[in-house]
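First chain written, first letter: the chains are A, B and C, and each begins at residue 1.
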Amino acid sequence: MAVISLSLDNPVFSAFVTYAVLVIMKTMIMSFFTAYQRMTNKAFSNEEDVASFGKKLEVTRYHPGVERVRRCHQNDLENVIPFVLLGLLYVASGPSLGAALLHFRAFTVARFLHTLVYLNSVRQPARALCFLCGIVVNISMAVATLSKGTF
Amino acid sequence: MAVISLSLDNPVFSAFVTYAVLVIMKTMIMSFFTAYQRMTNKAFSNEEDVASFGKKLEVTRYHPGVERVRRCHQNDLENVIPFVLLGLLYVASGPSLGAALLHFRAFTVARFLHTLVYLNSVRQPARALCFLCGIVVNISMAVATLSKGTF
Amino acid sequence: MAVISLSLDNPVFSAFVTYAVLVIMKTMIMSFFTAYQRMTNKAFSNEEDVASFGKKLEVTRYHPGVERVRRCHQNDLENVIPFVLLGLLYVASGPSLGAALLHFRAFTVARFLHTLVYLNSVRQPARALCFLCGIVVNISMAVATLSKGTF
């Protein structure tokens, strides 16, 4: 049963690697969106950041544009990280390649759409649906994995 | 030494899978508690969420009930994610099943209690003790793992 | 090809374990820095925390010293967790030990410096450079890993 391993010999793991890296990179890109919002709106949280722009600015505690990106990033941390962790354990539980690909692809599409919808303030329930789709994938992987573990 | 592997053949990994999935799911459930708080208190962060409720509401920056759930969720991200990552590396370091189960169970109980205590505003030091118990497990796994790694 | 495995038999994994544990522990220590800031500044977020100090304090929503540590901790969550996840997948993709050590060491040094610079409010671009160095390592590992995965 060497095929159920966390190595690239296992086609399920090989697929997981791709989707996991894609959603982690998407999450990391939010940092640059935040930086862009801070710079174009001159809304910085730290005195040393304000100073480096040589202007007589105050530190900004709340800027709507910055906070929207921050909330989107936070939502990624709350959903993408669990996806990667659960996904890894799910792969180890030996799912079929077809079932696994369905989970990985649905989550990846849902989370890229979630960001698109969030950053463009698309009217609800667009964001709620993207969010729920990701959650359903995570719960499905959790249940499938849990049924293989021991106590 | 195939037994020290990240596969279900390894009883330590098999146990880890169960506890890891439980604490990740507990963390994810916080999203629903937040949504519940936002809806019952009509405290939304996004204009499009307010609009979807068809009321003349303002965006809410701070609501005590929402923020309590958020802080609890954040504390999970800061402790449960490290537990799962350290746990995975700890399993690979080949601990005994007894020692590993002690770590996994103590952490899981401590973090479920932490949420219960946090959401019900139980008086201190209840929350501090739950938090510290989780931290001690994480540090213990980190030290045990570190002693097996190379530089 | 048993050498490309997530076990201590694999020297790349063995090295990864060390650096991963170091940066996760560094991230967790931020909790204690936050607690220290809250106590010395008497700036607590929860009524039960205020009560446990027996003083007639109010809950504090924003304290500059606390928030600086919080932002530093948050930045760790946004960067260190992706490092550990990407690193694990990167190790499974079978890099050379030399290339892997370069990535792990550069990231570890960059993130310890990042914290030092952040908590001491060192003038920019010190923090930006530490941040970017970590990001570059993560992107490099992501790209190397992605080239091995399947869709």
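Heads up, the rule we're going with is that contacts are C-beta pairs under 8 Å (C-beta built on N, C-alpha and C of every residue); 3 or more make two chains touch, one makes a residue touch a chain.
A quick map from chain label to UniProt name: A, B, C = Microsomal glutathione S-transferase 1.
All of these numbers come straight from a predicted model, not from anything done at the bench.
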item: Chain contact graph, described as a line, ring, star, complete graph or other shape; value: complete
item: Cα superposition angle of chain A on its copy chain C, in degrees to the nearest 5; value: 120
item: Distance between chain centroids, defined by C-alpha means - chain A, chain B (Å); value: 17
item: Per-residue overlap in chain B, given as positions that touch at least 2 other chains; value: 5-6, 77, 81, 85, 88
item: Touching residues on chain A, where the partner in the complex is chain C; value: 5-9, 11, 13-18, 20-22, 24-25, 27-28, 30-31, 45-49, 51-52, 61, 73, 77, 81, 84-85, 88
item: Touching residues (chain side chain C, partner chain A) in the complex; value: 1, 4-6, 62, 67-68, 71, 77-79, 81-82, 85-86, 88-89, 92-94, 121-125, 127, 131, 135, 138-139, 142, 145-146, 148-151
